[in-house]
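The two complexes that follow have chain A in common; it is paired with chain B in the first and with chain C in the second.
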Partner chain A sequence: MNGVVGFMYPNEYALQWSILIVLYPFITGLVAGAFILASLERVFRVEAVKPTYRLALLTALAFLLDAPLPLQLHLGHPERSPEMYFTPHATSAMAMFGYVYLWYLMAVLVFEIWLDYRRDIVILSQQSKGLLRVIYKIMTLGSNNISERSLRIDDKVGWIVTLIGIPSAFLLHGYVGFIFGSIKANPWWSSPLMPVVFIFSAMVSGVAAVMLLYMVTTRLRKLAIDMRCVDTIAMYLFYIFIIDFSLEMLDLIHRIYEADESFRSLDFMVHTRLLIPHIVIQICLGTLTPLVLLFLTQVVHFPEAVRKRLYVLSGCLALIGIFAMRWNVVIGGQLFSKSFLGYTTYKMEMVSREGLLVAIGLTILPLFFLWALVKLLPPWPEKSLHQVAAGD
Partner chain B sequence: MNGLKDAGHLFRFAGLFVVAFLVFLLVRGYVVPKTFGQYGHYRGAAIGEIAQHPVKFAGHQTCEGCHSDIADTKTKGAHAHVNCEACHGALFERLPAPAQPKGNLYERFVALIVPPAPPDAPLLLHADDPATVTPVKPDTLVLCARCHTASAAKPKGFPQVDPAVHMGGVPCETCHNPHSPAMGSDAAASPATGGAK
Partner chain C sequence: MNISRRHLLILLPAAAVAWKYVEAGTPEASPNYQMSEHWWGMLINIPKCIGCGNCVRACATENDVPDGNFRTWVERYHVTDTNLTTPEVISPDGGKEGFPVAQEDAGKYFFVPKMCNHCADSPCTQVCPVGATFISPDGVVLIDQTYCLGCGYCVQACPYGCRYLHPTKHVADKCTLCYHRITKGLTTACCEACPTGARQLADLKNPNDPIHEFLKTHPVQVLKPQMATGAKAYYYGLDGSVR
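The block that comes next holds the complex of A and B.
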């Protein structure tokens, strides 16, 4: 009962959805955003972002492999998850998501990565040794055909897969917003704009994450950052961010103008318990500041070193802002009572199954997945396959 | 034909999907209970299994068969429609559980990860054997406060108190007869007693 103010219904004292449920839309958002960035090169032919194409695909896969883990830990019965596939309930959005996830993982991401890397995989299966050779052999599926014609077919099919992948990525993340937006009992969530806001915020976080990963990995490899590439990514980040911020403000203004029966309760919450995470961190620090920084990079000709720093800073702030947005949606939506008379607090645990340490672990885990994927399928265009096979 | 040959690897990938789908159907056929979907989106046989659970509550008519003096007191008071077992609980004891048959391979595998709930044991009700299964008198300081603690959600006419202020640690039955709680009623301030005839 600590932290409970006013009248709350008995089932509202404790928050049911913890930081792991905050993490889940954040991670799926990174997946969708990274894929959209990859599609810029593949479908929309934005050649400048080509150096990040493969890295974006691997990033999306690494985070997608991590995405179900917060849900599994939160629910606590991993042995029941196959039942969602075996006996799906067609009217449950959560149940249908299992298929959306599987479709996106296998039919879109894995297939596209396989098509894009097939030539490399075949060459690596012939040049590498030991266990790696076996793995690459399995990945070729027994076909060593890398004739020009077969690669051209791969390219065409890959283009179609990416084209299908864009609505799939929207579906994957739009679904998360849909879940919240369709909960009509909760006025903080119930909004048809929610899926759209989630998609655009996902694009912001995914594009920012891949930009940062590209800059960090290039620096670690002691190579020069392709400024044309990061300039273009930053430009797209700026444009997407404007749309995302406009949509969020539209939602906010609409709520204020509509001022339905929940408004006073929500308004009080935003001015008290959500003041720091919503107003300060999400809007001021995580949205307006990176928007201003990105705007400056678009209108002022800064030297390369300054631009790099501004991109890193705005990328990090954008990620913090999007995480804060997920926090404010998931946690904020549970802080007030449906009676509109009471408020509760969220006391995060540290080392429990749904605690802070687990959440930090699940945030870092995809980077290990990415490291393994990069080792197996090097995304660097400048490195020759011979060097990779030799373990250089 | 060359086109097909150069697209052969795509068929191999598609073949993976077909194999995965067939494996899925095979596993699904094995693990989904046969009665699933019989009546709705659940296992039809569950209804029969639930119906076989031993009955825990005896019902107020059973109590009144022996405790007619309490039933008479109750009918005159505000608690006339509060059933006996709402306060006294379902008075039973569990007997040793029978051995359960082993499930199929999948169920046994799941049981290794998450141990199943203990099987239903037969019950011995107070109504069946009053000498063996004896009731414990409820603590009115806790019991009464469950319903009568003041709350904004309760109707204004419903008797509500702040337990700390109103009772001050004195058990409710000191002043109120729980079976007919109004002050000044016939049974008020008399001990909440009663027994089998």
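The block that comes next holds the complex of A and C.
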């Protein structure tokens, strides 16, 4: 059999989960991480990151809208997916997805964004014209009261929603880790650390993504980057990254030291098929390099221009590293036989339903969602609502 | 014969219902089968298996198994004295057409038929997000293919590699223990085709089933006992090297 070394059970030659399933935890990770960054300002009163607060919320929403698409495209019968809501199987980790997703989307993210933007939406519904006016009218949900008292209530409720949102974000991504971690048939996945590793890697990717988006959008708008803001974000990114890396190394060292029946198989994989994606891209390029760069920014007083470049480089490498981590979990976990006697190869298609082009499309799509959301609900504090209403 | 409009309105729906049954074929009746009276499993006698592949072919024919996928297959192990834990295993086309002649004299060779273990605590049914795969009251792990989403989670969860996604139906598929046969009092296609009796359907709730006598007098083992799946494919003569 082409691409197979040793012995695989005959039903194992082809991988069941493709790049789309790699994309799914990557995207939900960005959602959870972006939300956690937003909560830094709202709940923990880290004022320095305020310029990214609204952008982080909109980023989380844009990626959350995209998150179920790779799953839908992967399903053999996507038309039956509503059954997960109507007849969920109580013992299935995956069955929880629909509820966690809906809870997070509607009860947390959309609600918080609505509360935060309610004053703006009401004003925009009065100032804009044509279709925009109709859209903003609908978005007010009939609530036009923007008195001081009413806005104070919005703020209090928003704070509570964010407070609930933090464990919800953990739940959203922790459950994704649990989907993999609870599969005892697969030693590469089966680990109680998996949900925790997923949560921290999610925070790394989400914080890095929002930092990059903030820097890029500010540059595009020809404004000065708030260095106090990005310095603070980079500091948090560094600390979260250390925890994430420590957890991953703990898992790895534990496996090496314990060396159970699957070890020879996994060890072979790490030295051959996963050498590039795991050792080179994930650990060296995507984790150690940005960690060193971020460490340098913490201990050396670089000029502003150098710091900016280092942050952009670290952010990009962190995103590459986290994507590689998702790849190594999902694809790596299917490359070896459950007999531990053989290895297969993942042959990625280009233009099929689960091919590379679709995956690229689904990765870019949230940026379009974000563009539309930013147009509708500008996260920039310095832009007047009058300009927005006029369509500027 | 004159048919009034009233009669026509009555006859047309009746004819439509009748036609539906003609189209579907008359289902075989199994009025005496009580699920609660059975608990199905399989006894696999490794020393008796000659690796002829009859079982694999019979299963594929009986159940219309797509090429390249297997509801049952046979593996040939080659274990040498110097390498007891990492055997050389082959299963060309699932052993459907038998095996090439063994070239090397060193060590031992034996065949291991594999299939769904119809686990009592099956990890595959546990993870199904909609409960499309389930354990029937008579102990058979089945899939409702009209309900399955085709997510592949059960395929990942099976420690034995017994499941696959059907390439044209796009749903999970696996051994049903020939449920359509055993509920009619027949044995499975693989058991029926085995020339040496290496596979025997076992009803653990039937006190007259010879499985009870066999289990009393022979040491048997299940695959991957550490998985604690409650597997009901009992192997006699299972070598420790078998995965």
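Operating definition for what follows: the second predicted complex is superposed on the first by the 391 of 392 C-alpha atoms of A that agree within 3 Å, B and C clash if a C-alpha of one lies under 4 Å from a C-alpha of the other, contacts with A are read in each partner's own complex, and residues count from 1 in each chain.
By definition in this document, a residue touches a chain if its C-beta (ideal position, glycine included) is under 8 Å from a C-beta of that chain, and two chains touch if they have at least 3 such contacts.
The structure presented is a predicted model; accordingly, all values stated were derived computationally and were not measured.
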Clash or fit: what happens to chain B and chain C when chain A is overlaid? clash
Can A:157 be said to touch chain B (first), chain C (second), both, or neither? first
Residue contacts with chain A in the superposition, chain B compared against chain C: C
Which partner chains sit in contact with A:198 here, chain B, chain C, both or neither? Use first/second/both/neither. neither
Partner chain in contact with A:74 - chain B first, chain C second, else both or neither: second
Is A:185 contacted by the first partner chain B, the second partner chain C, both or neither? second
Touched partner set for A:97, first chain B, second chain C, both or neither: second
By the touch definition at the top of the document, which applies to A:149: first (chain B), second (chain C), both, or neither? first
Between chain B and chain C, whom does A:89 touch in the aligned arrangement: first, second, both, or neither? both
Considering only the touch criterion stated at the top, classify A:53 as touching first (chain B), second (chain C), both, or neither. neither
Return first, second, both or neither, reflecting whether A:16 touches chain B, chain C, both chains, or no partner chain. second
Chain C: which of 63-71, 153-161, 171-179 or 189-197 bumps into chain B? 189-197
Let me check the overlay on chain A: which residues of chain A are in contact with chain B and also with chain C? 7, 9, 77-78, 87, 89, 339, 341
State the interface residues of chain A toward chain B in the complex, per the touch definition above. 7, 9, 77-79, 82, 85-87, 89, 106-107, 111, 114, 118, 140-143, 145, 147, 149-150, 153, 157, 339, 341
Which chain A residues qualify as touching chain C in the complex? 7-13, 16-17, 71, 74-78, 80-81, 83-84, 87-89, 91-95, 97, 179, 182-186, 264, 334, 337-341
Listed in rising order, chain B residues that touch chain A in their complex are 2-3, 5-10, 12-13, 16-17, 24, 27-28, 31-32, 36-37, 41, 110, 113-114, 151-153
Would you mind writing out the residues of chain C in touch with chain A in their complex? 68-70, 73, 75, 86-91, 93-94, 114, 123, 126-131, 147-153, 155-165, 169-171, 227, 243
